[in-house]
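Before anything else, here is the set of structures, which you'll find just below.
In what comes next, chain A is part of two complexes: it sits with chain B in the first one and with chain C in the second one.
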Partner chain A sequence: MIRWILKSLTSEPWHLVASVSAIGGAFALALFFEAVFAGESKQIVAYIDQSDADVWVMQRGVSNMHMATSYVSDWKADKIENIEGVNKVTPILYLNTVMQAGGRSWFSFIVGIESGNARAGPWSIAEGKQLPGPGEAIVPAVLARLAGLGVGDTISIAGHEFTVAGLSDGTFSMANSITFVTLADLADIMSTFASMSYFLVDVAPGVDSIALAKRVTSEIEKVNAVDNRHFTKNDREVAMQMGLEIIVLMTVIGGTLAILLTGFSVHSSVSRKEHEFAVMKALGVQNKMIYFCVMVYAIGLALLGFSLAVILVLVATPITASFVPQVTLQVTMPALLRFIVAALVVALLAAILPVRRIVRIDPVQAFKVS
Partner chain B sequence: MSEPALKAEHLVKTFGDGQVAVRAVDDVSLVVVRGELVVIMGPSGSGKTTLVSMLGALLRPDSGSITIDDVEVTELDGTSLAALRARKIGFIFQSFNLLDALTVEENILFPAHLARGGVRSAKTYAQDLLQQLNLQPRRSARPATLSGGEKQRVAIARALINRPQLIFADEPTGNLDSQSGQDVMMILYDIARDQGCSVVLVTHDPRVLDVADRVLWLEDGALRDRKNEQHSWVKDPVCGMRVDEWTASLFSEHGGDRYVFCSQRCLDRFVVEPTCYAVSTQSE
Partner chain C sequence: MLTLIYRQLRAEPIRTATTIIVFAAVIAEILMLEGFLAGLYSQLRDAVLNRGGDLIVTQAGITNFVATRSILPQMARLDVEGVDGVRLAHPLTGLSVIYERDGRRTPIVVLVYDTAGGPTDIVAGDATPADRGIVIDRSLAVKYVLAVGDRMTISDFDFTVSGISTNSAAFLTPFAFISYDDLIDFYWESDVAADIATFPLLSFLLVETQPGSDPKDVAVRIEDRVDSADVFLPKDLAARDEDLGREMLGPILGLLLAVSYGIGVLVVGMFTFTTVRGRLRTFGVLKALGFPTRSLAYLMLFETTFLTFLALPLGVFFATIIAAAIQALAPVYLILASEPAAIVRTAVATVTFAVLGTLMPLRTIARVDPAVVFRS
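Showing the complex of A and B:
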């Protein structure tokens, strides 16, 4: 009986295809925006993630990296290193600026690292050197592709010329790009002396990072120390306020569209069969059977639409990455689960209105000439 | 033949309230015995479909009682009514009302899912019905590809699949050509005669009068038995229209003769100048 009622509901293939396509398209849009959000959220803190310092030490009053300015005297590195539980301290300089490359301006985070110390440098190299020498820069491979740069070309950072010595992977997002130069070169650009921006602290095995961060903050004057997890969280929050909210809004719009289309499709499919439901009721089909079938149909429609959406997004992700490399897409399992639950809830909610109507259908309608 | 399959007493159904209230069925009582073919006729809007809907447990009467197989239908809840319809009643509709997505065979078997025996036991009977109703070659066809006569035969088979004791048919020949209509009539007659199934038929088709056990006339919500009555067709003396003297309600007498009128307008004209119209009306 269920099979036959469902067969009746799905008897118009083109209507079914249109419904599934509409739902699939809308969920694909929502999933795509979610993938952009997830990708950018991850990418925006990629440097912090990849550096994998246990504790970050910075100027008091500063608690993140994105668009922040921090100055800490370099001699404090020794004092931090002397604190019990600290294994290693790596200083970096950091500057938000616009650089010129390939005839265009690029907003970039410039990170100055110690010569020959890969600890705070690029973590994946696509081409060329891994670490910059004097007058050299390691730029993101995506930026190089967009700007038409290659190893050996020249870029300008705050009026200083640098030779591209290497191209790094995973250092570009829509919100920022990370370019690595030597500490000395960046100090020259920033006109600083004996100052660092951040200290990356590695703690000894078994040492609690949060406790150590508190000790550093209390024992070293005019610094703020934050464990890696909180530092990442702070940075992501700032980045969210500065642009990712738009992606969130787009995701919400995509999700709402998906909800509306699912609701409309279920409603329209069921409503088109109103006369047949009246006939079924006249023949003796119980309301609870109709309830069940409409719910199953709604869930089936949502699942088909959602499956189509997943396929579309999985196909679109590598295509987008190759044509629009500046956008980082990440389809995550939690996002898929979240959306599938939403799709099912929406489908059930969308079914309630038509099913209530059907249950109220007078079987006498079967006598009306259709 | 004398055992009642359906007993309805003092059925009343009113639609609307106050001044717009329409009493569609007005104190109708009826007994249909097993194997009887009862035809309900009447003008459009006379309440035929409302009456059949109530008798078929689709519509609750405002008052009165309906007993089917010793079960008082008006006391049943919606779920029990649906179960009763599935097991004991078959419906045949003017517009066939087949389920478009299902094949002929699936349409016939559809009500079997709702009965106690289930589909498995009904499949053999479905084959018999397909054979009897000459539908075997079309068993896998979709309703959209069938002719009107074929559709109605499928609807009849569907109505019979659960071996109901009552079949209600609403204008079953209304959408059929002459030959197909004749076939359907004879099938319904055979069902009543051979299978002992009571058939209540609403129709305007005069061909059924010859095979009906009883013809009931419903007008203004009230029933009258007509099987043994002769029609008394007379001409309205004013407009010349044919009027059934038996059911007419507008009369006048002149010169010792009785005249029947189709409408108040004709009656009024006659009363003003009866000599202009007072000619003998011819019975047909």
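Showing the complex of A and C:
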């Protein structure tokens, strides 16, 4: 029986190629969109992820970083450090603005870090210095490539000139790129004095971050403290609104198209074999076996199409990274499972209609037709 | 030939309907992405152009209106109004804040205005914020179920919604409008900052020039006299913001669009190819009846083009309906799904690949032996 199914699948190679290509193409579209979404939604909170502070302290009324404005008096760092369970407090200044590089405008998150303190700085350097000095900036390597910048070139942030001292990896996403300068330089740009934007708090081993965050919020006036997990969640929620929602929507539309095409391809392929099934029935094959054959045939078609989709996306991923470096793609196992389950369910449903017709066929009729 | 096509399509109604729906779905997917990009750029341009003024003054070194922080010195207004050719300079301040309620957060831009730069399209309430009033973009009103008269708390400061506007969002961020009187109260009473000096009191100046003055000349004179400022024609600043949008979201959405085109046409081509292969027996009969291969090719080409043109309005309809649904649920998105240029591009791509899908099995049609068809 399995031999018959294999022969049946390959008896009309062009039809098989067309069906598999249509299913594969449609699922490749949905998988590609999903990969963009997965990659970007991870990258969009890369700074928070990589900084890995246990607790984030900010101005009261603020609970995330993306597009937010937060000011906390710098003396509060000492007060936080004195709370039991706090190991270290690292201040940063933060501004989202448009900077000029390579004759073009780039939306960027500017992070001001303490001179010589790598705690809140870039986590991976592709070229140049690890930390910025006065008048220097560490820019994302992707941005440098797109803007035609190199170490030693100049960028402008709010009218202030900076020399590119280093290029960082993993600091670019569709919603933001992260540029590092010194605290003093960013304070100058923002015209701030004795204010910080966020404190990154590292807790002592064994201390519960959530409980400590609550304690900081209650003990220090006009601040909000959030543990890392919730801070990441809050930030992703806001960042999602900067274009990622539309990718989710396009994934849904692409997925619907893929389901529609899978259903049609399987239905038409099984319908084309109706006559053969009728002959099988006339030769004494039981209905149960016919159901089994049709289901295996439908599953085979769906799996072939889906495999093609996965291959297309896996081939497209490195090509995209070379030609469109600003996009991060990530093919995840949950996404693959979600789509493959959808493909199989639709294929089986699409096969049911013709198979029900087949099992009702009078075998004599089959021979008459042939 | 038309009768033949008509009968062929009627003979297989499910296949005909499915083909049209699949083609329409592909067209709708592409139009949605095209429409999203067109809407994004349109919002970015309108955010600047709707503020009014013949010239816009920004902090020196700041070359955009959206997504940036511009701070002008308080004296800049007097300095600008003292320049020859300037009739008035209207102040405008932009603040980027996160509105949070019931655990949900939305980044918003609060525009503080006095005599110009306010909301342009009011759908409910008043255009001018009342005392402690705020005019909000419709997307905020929909998302948080806010109506005129409702309380809206930003950074622990209570505003009352006094108006709801449309065409007041850009860069996927809704705008809200308040008056300068309330800005000071907002700074003092809210948790915005411990140090008020860190927040902008003046971001932009919307300059009205004297009748008969050339705005470009006036811009040069302002830049000569006011060191702390840069001056732009509104259309130039709008173009810069549009470029910023293209720079930021263009690559990713352009990539998705390219992939949609590529896979869409592959699907359409393969679909057409399957249809042609499935009709080989019919073609054999037609050949036996004396139809030359060329006529059969024309028949298929005509049928494919006909189906694509039937699918086109349906695709536009799907895209328009989906776009309308999205805009109703999330008005921050503007999706211009029925832009003529995008429709033409999509139609040309779909027809081209449907035609290629038809031509691919042409040799098979040419080799069909009518006698074999009848024997089988």
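In the analysis below, the second predicted complex is superposed on the first by the 355 of 370 C-alpha atoms of A that agree within 3 Å, B and C clash if a C-alpha of one lies under 4 Å from a C-alpha of the other, contacts with A are read in each partner's own complex, and residues count from 1 in each chain.
Going forward, contacts are C-beta pairs under 8 Å (C-beta built on N, C-alpha and C of every residue); 3 or more make two chains touch, one makes a residue touch a chain.
This one's a predicted model, so the numbers in the text were calculated from it and none came from an experiment.
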Message = Quick one: is A:I125 in contact with chain B, with chain C, with both, or with neither? Answer first, second, both or neither.
response = neither
Request  = Applying the touch criterion given at the start, work out whether A:I299 contacts chain B, chain C, both or neither, answering first, second, both or neither.
outcome  = neither
Request  = Decide which partner touches more residues of chain A, taking chain B and chain C as the two options.
outcome  = C
Query = Taking the superposition as given, does A:T97 touch the first partner, chain B, the second, chain C, both, or neither?
reply = second
Task = Check the residue A:I210 against both partner chains and state whether it touches chain B (first), chain C (second), both, or neither.
result = neither
Ask   = Taking the superposition as given, does A:I340 touch the first partner, chain B, the second, chain C, both, or neither?
value = neither
Message = Is A:V62 touching anything from chain B or chain C once the two structures are fitted on A? First, second, both or neither.
response = second
Query = Who does A:L348 touch here: chain B (first), chain C (second), both, or neither?
reply = neither
Message = According to the stated criteria, A:A282 is in contact with first (chain B), second (chain C), both, or neither; which is it?
response = first
Ask   = Which residues of chain B touch chain A in the complex?
value = 49, 52-53, 56, 58-59, 78-79, 82-87, 89, 91, 93-95, 97, 99-102, 106, 110-111, 113-114, 158, 170, 174-175
Key: chain A-touching residues of chain C, taken from the complex the two chains share   = 15, 18, 21-22, 25-26, 28-29, 32-33, 36, 59-64, 67-69, 71, 95-98, 100, 104-107, 155-156, 171-173, 190-195, 197-198, 240, 243-244, 247-249, 251-253, 255-256, 259-260, 263-264, 266-267, 270-271, 273-274, 277-278, 322, 326, 330, 332-333, 361
Query = For the complex, which residues does chain A have touching chain C?
reply = 12, 14-15, 18-19, 21-22, 25-26, 28-29, 32-33, 36, 40, 59-64, 66-69, 71-73, 95-98, 100, 104-107, 156, 158-160, 174-175, 190-195, 222, 234, 237-238, 241-243, 245-247, 249-250, 253-254, 256-257, 260-261, 264-265, 268, 272, 316, 320, 324, 326-327
Partner chain B, residues of chain A touching it in the complex = 1, 4, 7-11, 275-276, 279-288, 362-364, 366-370
